[in-house]
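The letters A, B, C and D name the chains in turn, as written, and every chain counts its residues from 1.
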């Protein structure tokens, strides 16, 4: 799957995009976040407060319980601020 | 039409290019980078966007405007990247036979763009650069149109 | 600024000429001569005005807009004489630090101009030329702002 | 005083502007209209239905009972239609 990070999430994680296989046991966005938090201190810091984080799967806004499949494009970003 | 682009735009040329069988009213809105916020002077801002999703969401809201109002034509241009104070950020133009449709749809689109479009803003101020937080007063402006964010 | 003139205007140039210390939002409205009214095709229209009083009333409503909203600058251009379908009739531009002030004041000015400005319209149709009667739906638009006509 | 006529009033009366001395006994706009109606068939026809006529004195909208003075600029026109 493709992971995309924007704004300060991108800065804290240290990359804007990465490709990973869907991790074992990860069935939804919430589980993916838990898995990511264990991947390093940048991830842990970036994903600490979920109240200021939003998610999109295949370019549609979703909640934490949205199911994931191999091949999905998952984007993680702060609430949008508009232009 | 939707365009997300790095470069500037020419408001007069874009308005003149609007096409329709019977345009009686053209509304436009241009958003520019301000040099001051209250008493504080601000520097450049950098707009980040989500290529693909941003254009998709802009096209969806434009389609929604055409559903709500009888429009002859419409245009949304949104820039990304680093922009200095005074530079143009965003343009909305709506064309209709009647002025209420043009005015209301233009306000609808810009309220949505300014609050709910997938962009993130990094503002440069005296003490460094900060990512702008979503504002509640802006949410209220979008809610007035009952649009799902 | 107020201008009542025979000739055309350049929207892009006029918007670019707006000046202010901290403009974050520019709203504009352009009214054009329509070629159709419902199913009926219409020809040129001729706008007559009252030199002196028309400019005075336009300046008064512009001052009222500056009283109601925090505007950096504003412009009203209104043409008179014979205008063909597709030609520009009127331009309103408002500039403010914030978008709501720019959008609302632009709508306020154009609602007033379209209903209460001292102009009279002679429309050319298939069966001859007729002076347009004041419309009640337009009155309602002006009343929404509680402006004395 | 200066009299100005606009739109169809100008067409029916046959002129857009005339200078006349304030007529004897004419003290307000209503009296001026009555006096004008007697000046010829064009005036009579133009001023027949006062419900579709508006007045301005010295470039301000006024009613029929507005007082007139020598030197006033009096404009007579249909309700404005805007631009």
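What we mean here is this: contacts are C-beta pairs under 8 Å (C-beta built on N, C-alpha and C of every residue); 3 or more make two chains touch, one makes a residue touch a chain.
Owing to the predicted nature of the structure, the values given are computational and were not obtained by experimental measurement.
Chain A and chain C have CA centres that are 50 Å apart.
Averaging C-alpha coordinates per chain places the centre of chain B 23 Å away from that of chain C. Mean C-alpha positions place chain C and chain D at a centre distance of 27 Å. We define each chain's centre as the mean of its Cα atoms; on that basis chain A and chain D are separated by 75 Å.
Residues of chain D found to touch two or more other chains are absent.
Those residues of chain C in touch with two or more other chains are numbered 31, 114. Judged by the touch criterion defined above, the protein chains link up one after another in an open path, with no loop closing it. Going by the touch rule set out above, the chain pairs that meet are A-B, B-C, C-D. Interface of chain D with chain C (complex): residues 4, 6-8, 10, 56, 59, 61, 75, 77-83. Contacts from chain B toward chain A in the complex involve residues 31, 47-48, 50, 52-53, 56, 78, 89-90, 112-122, 131-135, 138, 149.
Chain C contributes residues 10-13, 15-16, 21-36, 86, 97, 99-100, 102-103, 106-107, 110-111, 114, 141 to its touches with chain B in the complex.
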